[in-house]
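Labels run A, B, C, D and E following the written order; every chain starts at residue 1.
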Amino acid sequence: DTLRLLTWGGYAPENLIEKFEAETGHTVEVTLSNNEEMIAKLRATDGGGFDLAQPSQDRIAGAQAEFGIYKPIDLSKVDAALFIPSMLEATKGNTTYDGEVYGVPHVWGTSGLVVNTAAAPGVKDYVDLCSDDVAGKVSYRLKRPTLIGFAFSMGLDPFAAYNDEAAYKDILSKVEEKLISCKPNVKTYWTGGDEITNLLRSGEVVAAMAWDTGGWKLNAENADITFVAPTSGALGWIDTFALPKRGRADQAAYDWINFVMKPENAALVTESAGNFTASKGGDADVNAELKARYQKSFPQEAIDNIKWYPPVPAGLEALEGAVLDRVNAAN
Amino acid sequence: MNASGKRLTLILLMAPLFIWLVALIVIPHIEILYVSLREKVGVREYEFGLANYMVFFNEPLYWNTFMRTAVMSILATALTLLIGFPVSYYIAKLTRGRSKTILFLLCLIPFWVSELVRTYGWMILLRESGLVSGFLQYIGLASEPIEFLYNDAAIMVGLVYTSMLFMVVPLVTTLDSLDDSMIEAAYDLGGGGVSVWREIVIPHAMPGIVSGCIIVFMLSLGNYLTPILLGGKDSLWFTGLIYSQFITRFNWELGAAFGMLLLVLSSTIVWAGLKLSGQTLTRTMGR
Amino acid sequence: MAEAVNDLDCRDISKNFAAFKAVRDVSFSVPPGTFFSILGPSGCGKTTLLRMIAGFLEPTSGDLLIKGRSMLDVPPNKRPVSMVFQHLALFPMMNVAANIGFGLRRRGVAKAEISKRVEAVLERVGLPGAGPRGVDELSGGQKQRVAIARCMVLEPDVLLLDEPLGALDLKLREHMKIELKQLQWEFNTTFVYITHDQSEALVMSDQIAVMNHGVFEQVGTARDLYYNPETAFVAGFVGESNRFAGKVEEANGTALKVRTPGGFALSGTAAAGSLGVGDAVEVFVRPEAVRLSHAADGVAGQPNVSSGVVDSVLFNGANSRVLIRDAATGGEIDVALPQTGEFHSLKRDDTVHVGWDAGQTLCFAAAEQGR
Amino acid sequence: MAEAVNDLDCRDISKNFAAFKAVRDVSFSVPPGTFFSILGPSGCGKTTLLRMIAGFLEPTSGDLLIKGRSMLDVPPNKRPVSMVFQHLALFPMMNVAANIGFGLRRRGVAKAEISKRVEAVLERVGLPGAGPRGVDELSGGQKQRVAIARCMVLEPDVLLLDEPLGALDLKLREHMKIELKQLQWEFNTTFVYITHDQSEALVMSDQIAVMNHGVFEQVGTARDLYYNPETAFVAGFVGESNRFAGKVEEANGTALKVRTPGGFALSGTAAAGSLGVGDAVEVFVRPEAVRLSHAADGVAGQPNVSSGVVDSVLFNGANSRVLIRDAATGGEIDVALPQTGEFHSLKRDDTVHVGWDAGQTLCFAAAEQGR
Amino acid sequence: MIPTIRQSPLFRWTYRAYVLAFFIYLALPLAVVCVFAFNDSLFPSLPWQGFTWDWFIGTERPRLGVFNERPIIRSIWTSAFVAVWVAVLSVAVGTTNAFLFVRHQFRFKNGLYVLMLLPLVIPGIILGISILVASNTLANTLEDATGMWFDSLRPGLPLVILGQFSFIATFATLVISARLEKFDRSLEEAALNLGATPLGAVWAITIPFLFPAIAGATVVAILMSFENFNTTLMLVGSDAPLTITMFDRLKEGSTPVLNAVSLLLMVASAALGLVSLLLQGRKD
């Protein structure tokens, strides 16, 4: 069968695919995307066109409630033994809708700050991106994680307000104000992982809100650049496997899940994506350098401080979207 | 041919046209109109109403983006006309035979590649580590890298570049059909440069100018790539809003309302342009 | 005194396009009020010459004077000449009045004055009140008149016309010939008129220049050209002719005896230059110069006689012709059918006799032709 | 026996376009081998008639027979007629041989046979070996011949030609007139030829039908039409004429006395129908019927005399004309300039006398005109 | 003004310089894209690091050349597949439309003609979303009614093809009508007169006459389809045509692989353009 995979950059490296194809006889076609586009695409196709998608765990239940684009996972076909149990349980919990489980975990990581410590030693938290020292040389995305991150670093707790629309709105309006006033500092709002990597690498940007993995990758090339967990806490995410409602190659999808969660394969993913996986023992084969970088960015108190995304209630994104649009348009 | 045969031919020829227009143009537009009138009241719950349009009118951001897109598109159209007209005139009236063909083809060559590649070329040129900045530093006009990308001027450069063909082709075609003897006659009767342009060349070229302007305007208004790739952090484009409603917000209802509004805007401006210049769509576009 | 100044003088004017000489050392003068035609085959350089006068082409050499003033450095919009273009070049974006007023507006004439003058000139060309009409609403002949009015309203010293009747249909062309002549008479302006249609030139002109391969072959009145052509080209181009090639067998001053390759012996007259025995010649005889007779003695007195059978009768009213196949040589002779009733019943295969005068048999050296 | 069958018979044929009657009840017959012309002004219905014969239009009423067989239900591709189109309609994407072979291929003739027949017909039209040439490489006259060859190779019973010379230039048209007649003679096929140019019709045809407003005004030979027109329209359309309007003052059989509104008294002949005193008439006199004289007694014997001054001399070689302004009425008379030397020096404002015969002064009832 | 009217040399030279500058402006971005396809660097930007073929034939990440990039190769084929279908449909419908509008009179002809022109003035994105929304509704309705799945009504290649066809057909109609307009009807009548059947006459005479326009319309359709972005983006499913793939890459930050693809595209388009010119030049 052909497995049409809707996923993030780096999650299905070429060598892994070749190995899978050789082992199972399936072929794999990869489409790269992000959370929003995955939902949008699957909404448009009514859950068709792809056989396996990888949205973040917090973005499944809401989308399922609204559009019904996934089918439940048949847990009997997933080899639970391959997963780190705590992550599997947490993910199952967060992706349950109407009593059915819609996601199992794959890759996890955080977003925080990637900083060129030589050029911008002062950047420790998201709000520091707005300081004059780094004017014109910072970048972040215009996406919901930015709103959440800035909220935490402004001393607010957005996750607590998830189910209180008024409170959440209030938080958003404060963040909006901050982001608008911060706007002159921003060189550009990045949209893709490689884009921000390139900007940092070329020196056009010296500090950014970005995924941890980008920072570590750059650290290998340039010791000045690295991932910094913000003082208010990095944002923790888990990307999952979810089955689109009208996927045609379910067996291939399960095969892929069970295949990539094997520790030796999970290590390949980590190598390519830069993030650790939910594979039990998957970090064993990962090279020591990456582990070292991880440990340097994440001392124990930083790990404890990670803010894990709770599931996003349906409809919240409309509010956020309007805020993001206004920030984008502001002068 | 007898009457019934004629009728059959007519029906057979009419069928593809009808299927095309009805299935791909008419019904889909009725459909988005319908969707734009669906008000979301809860999870999988919709009501009939104007809420989506109210969002547009109540949110200055959307309204401003709408106006900004229209104004910049008109500006881009005017610039394209100003830059393209002298060149079209040169090709149509000041070159002959082979060199005319060659110059005309040269105008077309950039358009043999996609808009994406063209825009990408401008990104390579204009970025901080790009060629223009490098050149300025090389000749000593700048002491450090300069960012030319991510601003409205860059969008303008991209829009004008991308639209140029659609201005030059109709202009060259109409100017070509202006008989040299008209210009000679005007000179012979004592006309000078300005009066000949005003009274002979421009009026003659009007259908070409209008058709070029309509197409360029529509292309600019409907552009997505150029503002996204060349534009700065605050350069919103109305099509961008529509895309984000559909693609990152999965809010089809609002996106459809935006789409209808864009359609109304573009039709109004095109209609006004046709009225002002006294042309008709059939004459300018139908060639 | 003013009489002495010509409206137009061309002095040794030439125009080369790269190596090709389109006009070579043409000189001529046009006195005021003359209808001057330049007649020649397609491509002979007529338009080139006219465009130099109008100022759209720079002469390679030579000078060009209007009313005695050299025009070489005067741009076309400053020359006191106006031009009627072959396809008229009426401005389609303006109505009749705006077309005619165009030149006056350029001169800064006041609005009221312009409309007065436009109406006046429209009256003169027989189109009173046509001002508000669109150019496309006019018939061919009316367009013609508007084109002329548009020029005449500027009161040019010289009006140039480049085959203005070329685009009209037959009947209208016949009519406009006469009308054009009439208009020139009324305006009393110098016309320089280009055409490749000899009947146009003959009917209208005071003076005609016959042009060929960039040079003027002959300048004169219509009668001069028709009856006394100076070159074989003029003899052949102006009017219809029977044409024979031959060799001079006897020469006695201008009186010649010529024999054609077919063996036909002709008595003729050397029309230009002197011709000697053995010279190759071209001989021209007009169809209306040939006398036709049923009996041999009807043409007995003529220096040139022949007999043959009728090949066809081309009945065309007053311009009917008979093609006669010469019994001796098999050559064809084109004869005007006399308007007398005598030949009404002539038909194919009838035997007839023809004869013509030596004075009407014009001989030219054959070499002169090939240029 | 075969002689008795006409190649073409039209019986009361009509064609209406909505309310407009383009062709009305036209009947005529064309015997085999005839060159039959239909002559009429633009828009009179010629093309409509021809297209009905070819089968591109269905007659509103009437019948149409070719070789005695009704064609009404035969589609155009099955009729034994071929057509030469106004712009020839040679297929530009095919060479000469393919053009000519087109019809044969449609009939399924064998390849070898086709190329044989194509070469044969090319030979007959004087273009041997032209088969492989492109259509665009031919001159106007050659294209003409190919168009005819393309039809003739199918050996049609009737060849239809719709103003085939219309697009050619003057000189070539003169030449092709004669050539076309020649080709018809050689192929000995019935030609039905349409034109609005009277000289074409007069020169080539065996029979001419003059058409006006959808009806045939007269059918006859060229001489019939020219000398004995049956209607005012024919008199005016065929050949040049002086035309006067007037009222009959005296009638004596066909001999009439007519007075024009200007007061000029004319002696004439009723050309068709009988005319009585008081009838409004149109009077036609051919320019070549008018005798010209310097002195009054030169025309003294003529029933119609007048004197006036020369308004203009339209010199045109053998076809020169003089326009004379009648002293008494101010009307203009168009007179053919005699080819005798006597009038060579005639010029504007000379006084002359003219006179003509009553038999050459054809009178028609004026009402007949307005249809 | 025109060559026959003299202008000052200063004016002439200024004018020429302007035209030259214009063509430099046209050529510059493309030239830059081409040149940096050979830069021996991970970024398509200065400084110049030397010449390399890696971006075409490289076999190892990060210097994987186009010819070894499976997704890019796959999307080129996808684009070609779409383009061929769009061209065939557009030219077929364009031809029938041309016959309809040039040859026939019928009620509402003018209205239909204007409707036919409308896709020219509808922004591509709106065509995209309207077809997306409409096909979605239709699919939902059909699926509810029948219980079957109608995948071809969901985003994917069939919709991409229909979306592009919806406006390219207008261009094809205009191009082919323009030529049919110039066709002399008497050629067809002549063929009838020489014994051809009505359909035979069209086939033997009219279609060959239209050939240059048909070829031209095909090339235009293929080029437009290859480069279309706005409409396609809304309708694309799991198989992405080249522009979409390139756009996704570009969002991630560019590498000279994109330059290499672009260079290949330019070469292909130029070749296609030349072929169509030759075809048109041959029979005009």
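Here is the rule we use: contacts are C-beta pairs under 8 Å (C-beta built on N, C-alpha and C of every residue); 3 or more make two chains touch, one makes a residue touch a chain.
Which protein is which chain? UniProt says B, E = Spermidine/putrescine transport system permease protein; C, D = Spermidine/putrescine transport system ATP-binding protein.
Every value quoted in this text rests on a predicted model; they were computed, and no experiment measured them.
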Neighbours of chain D that also touch chain C are E
Common contacts of chain A and chain D, by label, are E
Note: chain C sits from chain B at a C-alpha centroid distance in Å of 56
Taking each chain's mean CA coordinate, chain A and chain C are separated, in whole Å, by 91
So, in whole Å, the Cα centroid of chain B is separated from that of chain D by 58
Expressed in whole Å, how far the mean CA point of chain A lies from that of chain E is 37
So chain E residues touching two or more other chains come to 4-5, 43, 132, 198
Expected list for chain A, residues touching two or more other chains, is 44, 202
Contacting chain pairs, sorted by label, are A-B, A-E, B-C, B-E, C-D, C-E, D-E
Seen from chain E, its contact residues with chain D in the complex are 184, 186-187, 189-198, 200, 204-205, 208-209, 283
Per the touch rule above, chain D residues touching chain E in the complex are 54-56, 75-78, 81-83, 85-87, 89, 91-93, 102-103, 106-107, 150-151, 154
Note: in the complex, chain B contacts chain C through residues 179, 181-182, 184-192, 195, 199-200, 203-204
Listed in rising order, the residues of chain B that touch chain A in the complex are 43-44, 59, 61-62, 64-65, 128-129, 147, 150, 232-234, 236, 241, 244, 246-252
The residues of chain C that touch chain E in their complex are 51, 56-58, 75-76
